[in-house]
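Note that the chains are named A, B, C and D in the order they appear, and that numbering of residues resets to 1 at the start of each chain.
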Amino acid sequence: MINRRNTILTMIGAPLFAGCSKVFGNSNAHSGNVINFWGMGREGEVVGQLLPKFLIDNPDIQVKVQQLPWTAAHEKLLTAFAGNTLPDISQIGNSWLPEFVAIGAVDRLDGFLTNSNIKKNDYFEGIWDTNVIDGKLYGIPWYVDTRVLFYRKDTLRAAGFDTVPKDWDGFRNALRKIKANVGKDKYAIILPLNEYEPLFNLALSVDDPILKDNATLGNFDSKGYKETLTYYKSLFDEGLAPLTDASQISNIYDEFARGLFSFYITGPWNIGEFKRRLPEAMQDDWATTPMPIGPCGINYSSAGGSSLVVMKNSNKKPAVWKLIEFLSRPEVQKEFYDLTGDLPAQKSSWAMGKLDTDKYSNAFYEQLQHVKPAPPAPEWERIAQEMRIVTEQMLRGQFDVNGAVLEMNKRADRILEKRRWILKRGAIHE
Amino acid sequence: MNKSPFNTALAGYLFVAPAMIAIVVFFFGPALAAFILSFTDFDIYALADINNLRFVGLKNYSELLANPLFWTALKNTLFFVFVGGPLSMAASLSAAILLTENSVKLKAFIRTIFFAPVVTTLVATAVVFKYLLHTKYGFINFGLSKLGINPIDWLGDPHWAMPAIIVFAVWKNFGYNMVIFIAAIGSIPNDLYEAAKIDGASPWQRFLNVTLPALGPSILLVSIMTMTGYFQLFAEPYVMTQGGPAEQTVTVLYMMYEQGFKWWNLGSASAVAFVLFAMMLVMTLIQGQIAKLQGVK
Amino acid sequence: MEKLKSLFFNLIVWLLVFLVAFPLLWMVTTSFMHSGEAASFPPPLLPKSPTLNAYHELFAGNHIEVYFFNSVILAVCATILSLSFNVMAGYAFAKLRFKGRDAMFNSLLSALIIPAQVGMMPLFLLLKTFGLVNTYAGALVPWIASVFGIFMVRQFSQSIPDEMIEAARVDGANEFQIFTKLIIPNLTPILVTLGLFTFLGSWNDFMWPLIILTDNQSYTLPVALAVLSREHVQDSELMMAGAVITVLPVLLLFLVLQRYYMRGLLAGSVKG
Amino acid sequence: MAGIELKNIKKSFGDKNQVEVIKNIDLDIKDGEFVVFVGPSGCGKSTLLRLIAGLETPTAGQVFIGGKDVTNHSPLERGIAMVFQSYALYPHMNVYDNMAFALKLASRPKEEIDVAVRAAAKTLNIDHLLNRKPKELSGGQRQRVAIGRAIVRKPEVFLFDEPLSNLDAALRVKMRYEFARLGETLGKTIIYVTHDQIEAMTLADKIVVLNNGYISQYGAPLELYKRPENIFVAGFIGSPKMNSIKAKVINTNAKEAQILINNHSEITIKINSDLRIGDDVTVGIRPEHLFISENKGLLDAKLQFVEELGHAKYAYFETADDKDSEVKITLQLAPEFNAKIGKNHSLSFDLSHIHVFNKDGKNVTLF
């Protein structure tokens, strides 16, 4: 009886133990000719649909796509770097590039660029520049992204405006008028507290950079930034924007349709979402337009988007480059746009899809002529988070503008301490 | 020299060795290493190139003390421990008393219902509560509106976010201590109650003079376990609020996670971990001291 | 008077039962609603026309079966590991005499006051050097041996009479035979308890898998659910379906083995 | 051939061997003898048994079984079987498997095991219980299974550790009888540990009285009863206990001593060892060797209490010894004696059964 029981245990146990012991293999092992590709959000979802042609042309290469959610992507990339589990190629937010260059995660691409179908001058300049660090190229823009204003034409018209006023003051005036029209429980604009991008975008249209001294010190106490923050704060103080974050709004599109707010600073992916999610009757009542002109006289916005990078520890770089070249073909870019609504990085693709004249994406085309990259410090993402947090505290009354900028500087300087030390040693990674 | 007592000892070593080695390698070792790590500025640069590692002495600790976020996190954690902890225990005790009332029927069934939240997956139920706590469509505000209370922006209002998490934590955890209390109440000899009854004690007096003193040791034990457990609040804010609004749900452990595994500042994350450890230790020692003073074994 | 009191108590208890059970019931009913149905006012209790759409979306669109499988594999392996390591050690600490036994055991108890998170950063680096980041093995490391498990097994082993073990020695059994043929069969109830605790613990664990499983193909259900809930804020029905799939297995397991669970809970609480 | 010999055995416990339980024991047990270890709790009798079983290793000394040094051998290699106080049945196995366990471990053929188990079960009248689990058995049945488990292995030596102490009184007497019979049928060396001297007296070929880690006396039951070598054995063996009365030596020569009891009675006894005048001694006399005398006896005492057992009648007296401290005396009365509580009586001794113990407790009486 005992023996029988033992046999049964062994029968159940053995495969399980085998299962347990099989787990030592790393799922991102760089084996065979499989290219591991990490894509984020929607892009990660659809990239597989672009690949069949590439796979036919390159029968010796296989591509394994993994999708990361945007909210966790940065964290996951760093974790993968820390855990030696980076893929061969990844999509990467171009504001993150300095960081991954500094830690030596991504490889230089200059060498591949000669004799390639990828032509630098077909790209938006401000966007291409985000991939160049200390004069060296580390990524190829995949799609571009910047922030513009999405708005309701009907409420704007009701407030007495045919178009969105071009500068900050005019813009705020329009918001005031709208607010006066919509009443107590509704707002003119939404600036979600859990996003730093709207504030950052506004801060690009002033003369002072956010970080100074080779991005080793905070520059939040500059005149320009203070002016931005004061402006931003006034939008809340005057009740033009609700003190809420996006996760508290269960469905941003429903709320936009209901008129909870009329303006939303957001990116190109929302063109498709607005088309899909807003009620049919509303489709003629919304539009996009570039950011308002700031104190510096130009309406800058952020040079966002994603680039494709080759990881340094990949052992299949030529194959990976082939894949990048494939994904950068204008016709593939066009197809990519059709699938995702992500704006192509190459101007020739815009023309191909008549995007530059499309009534919604036209605002982006215009805006892309005036884009600035994020500060080139690897710590930028953290500093941006701190900036967001301090801003929220300011809006909730914990700081005034002066206190907030000093606090931001303090936090930024502390985060940048290591960078200052490393730069002084001259030991920053290639 | 085989098989005999000599072998018993050998068998003993062989039997404990795997577990001991695992615990030393994967627990004690790392804990000690964390202590050393907390005196370095180990970060993503050091991960990339170990030459970027500096020994910084107490700097992680001093910076931590100078960091307002740490104080916020500490305040939030202590709020959770000292408000949420006692509330949880009170809920457990009340439920235990209700479930030891003679007049209550179907006790086993009710006990199972009360206990069910304990075994459910924290993340899943936190997600459920996130929706229940929704300002507009959540049932909690709907229920409150029936009582004439205006909607509360539970997870969006800095004043309400931590209380909301406490509500969730009480719901999730009270069943655990309840079972311990039920067992403790069950072990109180009935004679004591009968003696008190004969002495003319009212139900409330019986509770004060018989039940509570008899529960003393259990209450103390449970309070140590609960409070040290509550120091480790992490998943709830991670899932429900991501530390917001206005950092009002950032806890010490949440801060450690973000420092360590979001920003990869492993040095300062280790310092946070040790501060957390120190607080929990002090807490346990204080409660142990109270136990000694009260003569509880 | 007594009757009134009884009525009062029962009323309160059943009100509490409703409050406690409500979130779980709501989770289940909402998971059968059509997309967007839950986000209305007043909030609906029951689906207008029940649908499996949310579940379909979970499997077809989000491949929840992958996470489910990961969770199952990890929980089962954790249970096997924990049973083999802790039971041997717990028994030895209770019944086998060897030098340094008590000192060793006391040092184990001291581990109880150190929160597990303290060592997480170095542990990650350690596993990185072994190449175990983002592997099941890495996720299983904390479950190999647990002080609580050893403690619990030791406590129950102590109730095994020494004479029985000696009888077996006289009968010619060696220590290993004694362990497998005598101790294991007689510890079955506590093995079930320990196994259950480990299974539930591993299934419900969040922080460590979140850290060590970097690849979304290796996520466990709670990690996947946490990530999904950030991505799909507005999809209450989908998230509730995910919560149901995550919660249901452990809830059922608990209901079936409740007796064993309570035993372990009380054993753990006796000495903390 | 399986006699047992212990040579200079010592056993200590504790991390630093600080607790000495067996303090130097030499013992020679002949093949086929039924030897009982008896003594108060904590005297080391169980430890000594476990040393023989191989469940403990001695701190010093050697154990021989059948002439072979087995000091470091495992229990299995010693050819012994043991029945434990709690019977130590394996709770998850039925009676059959319990009895078969050792043979299975020894990988004996199935048929052989079956024959052995059934034969033993038959001998012990438990063949109808083979499919039961231990918890479904009564105390006496468990006892039999435990014995059966020992018998099945056909060992050279049986070790019994207080096997009757968990049974109720009636069953104990019955099983005592069965043990006595078992001893004869088995014809093997048996060592039997008990704290009950009646069991020892009834069962043993030879008794080892242990006290405080030493052997107090080793011999046949009646020898121990009649000629206890020391005051400990004298007090331990026999029920009710031997009376002991403090006394003083008042005169002595090489062969005789005059002893003063109770300040007024003198007796003379033959001695085998030196006593000195003025030595404090203890006089021991068993209850059946005391009687109430019509004349002036050796000792005056007051009757306190009478215990009527039917077949016997014991009277309990109280008196004072030469130092005026209280002495209780037990006496076996003639059945027809009509005792009156509170009355003073004069007591006489049967002088041929008197024992005198010197101040070290050694019996100095010459028999």
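Going forward, a contact is a pair of C-beta atoms (placed from the backbone, for glycine too) under 8 Å apart; a residue touches a chain by one contact, two chains touch by 3 or more.
If you're wondering where the values come from, they're calculated on a predicted model, not measured in any experiment.
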Centroid-based (C-alpha) most distant chain relative to subunit C: D
Of B-C and C-D, whichever chain pair has more C-beta contact pairs: B-C
Chain nearest the global centroid, as defined over all protein CA atoms shown: C
Where subunit B and subunit C are represented by their mean Cα positions, the distance between them in whole Å: 16
Separation of subunit C from subunit D, taking each centre as the mean of its C-alpha atoms, in whole Å: 56
Intercentroid distance (Cα basis), subunit B paired with subunit A, Å: 37
Centre-to-centre distance between subunit D and subunit B (centres being mean Cα positions), rounded to whole Å: 60
Of all residues in subunit B, the ones touching two or more other chains: 3, 5, 7, 136-137, 242, 261
Junction residues of subunit A - those touching two or more other chains: 2, 79, 82, 247, 250
Per-residue overlap in subunit C, given as positions that touch at least 2 other chains: 39, 99, 124, 185, 211, 230
List of subunit A residues in touch with subunit C within their complex: 2, 6, 13, 16-17, 19-20, 23-28, 41, 66-72, 76, 79-80, 82-85, 246-247, 250-251, 254
Touching residues (chain side subunit C, partner subunit A) in the complex: 39, 73, 76-77, 80-81, 124, 127-128, 131-137, 140, 180-181, 185, 211-212, 214-218, 227-228, 230-231, 233-234
Residues of subunit B defined as touching subunit A within the complex: 41, 43-45, 47-49, 51-52, 54, 63, 67-69, 134-137, 153, 155-156, 158, 242, 244-247, 261-264
Residue ranges of subunit A touching subunit B (in the complex, touch as defined): 75, 78-79, 81-82, 99, 102-105, 193-194, 244-245, 247-248, 250, 378, 382, 389, 392-393, 396, 398, 407, 414, 418, 421-422, 427, 429
Touch list for subunit D against partner subunit C, complex: 15, 50, 53-55, 74-76, 80-82, 84-92, 101-102, 105-106, 149, 153
